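There are structures below to look over.
Two complexes, one shared chain (chain A), two partners (chain B, chain C).
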Partner chain A sequence: MINNPETGMTLIVKTITRLTVGLILLFGIYIILHGHLSPGGGFAGGVIVALSFVHLMLAFGKDVAVSRVSKNLASNLESIGAMMFLLVALLGFLRGSFFLNILAKGSPFNLFSAGTIPLSNIAIGIKVGVGLFAIFLALVVLERSK
Partner chain B sequence: MELHILLIFMIFAAIVAIEVKDLLSSVIAVGAVGFALCLAFLVLKAPDLAITQLVVEILCLIILIRATINKDLPLVIEGRWVFNALSTLGFIAVFLLFSWLALRELPRFGEPIMEVVKKYLQEGVSKTGAVNIVTAVILDFRAYDTLGEATVLFTSVIGIMAILRKPGRKKKE
Partner chain C sequence: MNSATIIPLFVIIPLAAAFLISLVGKFIKRSSETIIFISSLALLSFSLYARFLLNSSAGKIMIYKIGGWTPPFGICMVLDGLSCFMLITVNLIAFFVAVYSLPYMEQYTDKPKFFTLFSLMVCGMNGLIITGDLFNLFVFLEIASIASYALVAFGTEAEELEASFKYAIMGSVASTFIFIGIAFLYSFTSTLNMADMARVLSNKQNEWVIPFVGVLFLMGFGLKSALVPFHAWLPDAHPSAPASISAMLSGVLIKTLGIYSLIRIFFNIIGATQGYLTVLMFLGAISMIVGVVLALSQWDLKRLLAYHSISQIGYVILGIGLGTPLGILGGLFHLFNHSVFKSLLFLNSGAVDYATGTRDLKETGGLGKLMPVTAKTNLVASMSIAGIPPFNGFFSKAIIIIACLQKGNFGYAICAVIGSILTLASFMKVQKFAFLGEIKDKFKNIKEAPFAMLFSMVCLAIICIFGGLLLIPSLRFFLDDAVAVILKGTGYAGVVLEAAAK
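And then the complex of A and B:
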């Protein structure tokens, strides 16, 4: 399916995509995980993750991208991300109030610091990435398959 | 100075996006507005917003180009133009009135009243442990707002999936 010359763009685009799409996905994950240290965060990183799948879909056609992330997986992950963010919010009730930062703060400039903020970033990243990819999937695929 | 050049360029590109006849050219002009806005955020020293604006603009451009590339919709301008023009002028007047009422209370551009910001800047790192103060504000001090935004995005995804899915189940006869 991935080498089918009928679907997607030309061989040049497919070869470049094979090299770059993993790096784009990795950069998105880096932006999400370092959200509390450097510019970026859950939303921007999630959009970059979604863009890597959009890149895959534009280059190889919709079947390859859908085989990586199907519609059911997309909607499940979207719900899991939203629930995880709400769970982080509700964890604050263990010490008294909504969205209280109850985990250990750690020392600044470390990757494992800032308590619940990285967890919120990961949850928003999953939610935004999968959600925007699902929107793209709906706008491009479902419309054509009338 | 750079900011004024960018703003003039954005206004020019927005007028081009409205006036040009071809739909694809219009989408590209809208993209030029977005990228100039990204540069404006960088000039104003807001890298968080610049990154977000850049990636969202790219995704929007891909979706818009993909959606418009084979459909050059004709522009319908005839019809009830008197009513349309009057209602447009009315909405602009109401918008200007309310924005005048709201904006006259604000401080001048570039002169923030450092009341809330000062507290965040002083206590942000010690209270949250996050070095990026923007993340500390949106995910700790003002996390409730972020929950609302996440809900908005969730609702929009549900709405798009509901509208654009394949035709729904038919009732069994």
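And then the complex of A and C:
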């Protein structure tokens, strides 16, 4: 499927995509994980993660992208992301308040700091990433009849 | 854990239900129905319990600080008389509509998706009602609106998609106006907490910000609540949705998103001056007359009801725009009554549609014999909306008219009377063409709707009959507390900040 010259764009685009798509995904994950330290966060990182899959779809055609993340997986992961965010918020009830940051805060500017904020960022990242990808899938669901 | 812990539950329960349904609804049979029933029942009981807690709390106000941050720095949730009034209205209707949807939505595919969107809509409305933060209000408003755009298009027929598209465009324009208004207020006051904003605004001199923001909000929330110059989307959007969603949209969504936010911002944050009130009264009176006149010539049952929503919203806005205690009481009471009887009417139209497959009044007729429960509940609701004495609609309309006379606005009082008479005429037409007369041959074999649908309709009809009892002194606290919050005006700031500091 991935080497089929019939679908997708030209060889040049495919080669460049092969080289860059992993880096884009990695950059998205970096933005999500450093959300509490640097500009960005769950939403921005999630958009970049989604873009890496959209990129794959543009270069290689819909089937390749769907073979990586199917529609069902996307919709389930989206619900799981939302539930995770809600669970992180509910964790606060252990110390008595909704959304209370109950984990140890650590020292500022370390990767493992800021308590529950990175967890929330990861949840948002999952939700936004697969959510945007699912929206894109819904937009390309229509095809020209053969 | 203090008693205020109940407040965030109004957001947590529907949000958790929504995503749980979308996660397990596809795999486990009947799980989506079970979850939606439990969650809406829980919301209804919690909202009634919140009313009980509010009675025993000091100053009749409860504040919940999210994450333990004190306002104005953090987001707080405020439960006062007005929020509690709206919460009970929303969750009461949502519960009956959810029960009704269990059999009704069998006609459509993908029930789990429907209940996910339904829960999100309830979450948006509940969140909007209890939040004490202006930007949070906008976020919840968008959750509820976007869920409702998708729900209007749920049938995915050409007509429904067109209506949904129109609704989405108009709704987004409204949201943009509201958003710009919030941005201006934020840049002027440097705070987003509603109470703190009210405090800053009352201390700071300004010449143009408030009138400008007021107009933006009037356009935004006017569009959301479909007041007359902004009403064009409603007669398309409300009939296109599944009947249970029409009941939610007409029953509570336009009131929560439009009227509640309008009241909260105009009375409690900006501080309503006579200028705003005059505009509100004028818009209310126009909506009242135009809506009902347009309704008279409709033959599609649900479209007729949708036009009546515009007209009845006019009564609510007129009552609130009077600004007197009696007028506001009448407005809020009519808001509650309209939620009940308009949801009931839409559920009736859904039952007719379910049994006969049509909602064109020219084709139906004589359904009263074959669908006795639907016909009788519809009669109750029709008489309520037309303001016939023992039913709840009479009391609220009478209060609004008396309040108009008391304030000396005889013109508006006459408008309200004319609107009421035309409403009666239009519902006599519904009775004649839908339920009385001779049954058509092709409908000889139709059956009454299933039990769950009848249960919802009968319960709502009972509330219609006994709704007037809310005015007796021992039950009046339900309305009086809401009125007191509105009358307090920008004094809201002091009350909230004082309660939050504790």
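The rule we apply is simple: the second predicted complex is superposed on the first by the 141 of 146 C-alpha atoms of A that agree within 3 Å, B and C clash if a C-alpha of one lies under 4 Å from a C-alpha of the other, contacts with A are read in each partner's own complex, and residues count from 1 in each chain.
Quick note on the criterion: contacts are C-beta pairs under 8 Å (C-beta built on N, C-alpha and C of every residue); 3 or more make two chains touch, one makes a residue touch a chain.
This one's a predicted model, so the numbers in the text were calculated from it and none came from an experiment.
Participant: Since both structures carry chain A, what do chain B and chain C do when superposed there: clash or fit?
Facilitator: When both complexes are placed onto chain A, chain B and chain C end up clashing with one another.
Participant: Please indicate which partner A:99 is in contact with in the superposed arrangement: first for chain B, second for chain C, both, or neither.
Facilitator: After superposition on chain A, A:99 lies in contact with both partners, chain B and chain C.
Participant: Now for A:90: first (chain B), second (chain C), both, or neither, which partner does it touch?
Facilitator: second
Participant: A:138 contacts which: chain B (first), chain C (second), both, neither?
Facilitator: After superposition on chain A, A:138 lies in contact with chain B alone.
Participant: Does chain C touch more residues of chain A than chain B does, or is it the other way round?
Facilitator: Of chain B and chain C, the partner in contact with more residues of chain A is B.
Participant: Using the touch definition from the top, say if A:80 reaches chain B (first), chain C (second), both or neither.
Facilitator: The second partner, chain C, only.
Participant: If the two structures are placed on top of each other, which part of chain C overlaps chain B: 45-53, 99-107, 207-215 or 351-359?
Facilitator: The listed stretch with clashing C-alpha atoms is 207-215.
Participant: For chain A, which residues lie in the overlap of the chain B contacts and the chain C contacts?
Facilitator: In chain A, positions 75, 78, 82, 86, 89, 98-99, 101 sit in both the chain B and chain C interfaces.
Participant: Taking the touch rule as given, give the residues of chain C at its contact with chain A in the complex, in rising order.
Facilitator: 1, 8, 12, 15-16, 18-20, 22-23, 64-68
Participant: Enumerate the contact residues on chain A facing chain C in the complex.
Facilitator: 75-76, 78-80, 82-83, 86, 89-90, 92, 96-101
Participant: Give the list of chain A residues in touch with chain B in this complex.
Facilitator: By the definition above, chain A touches chain B via 31, 35-44, 47-48, 50-51, 54, 58, 75, 78, 82, 85-86, 89, 98-99, 101, 105-109, 113-117, 120-121, 124, 127-128, 131-132, 134-136, 138-140, 142-143, 145.
Participant: What residues of chain B sit close enough to touch chain A in their complex?
Facilitator: Result: residues 47-48, 50-52, 55-56, 58-59, 62-63, 66-67, 125, 127-132, 134-136, 138-140, 143-144, 146-147, 150-151, 153-154, 156-157, 160-161, 164-166 of chain B touch chain A.
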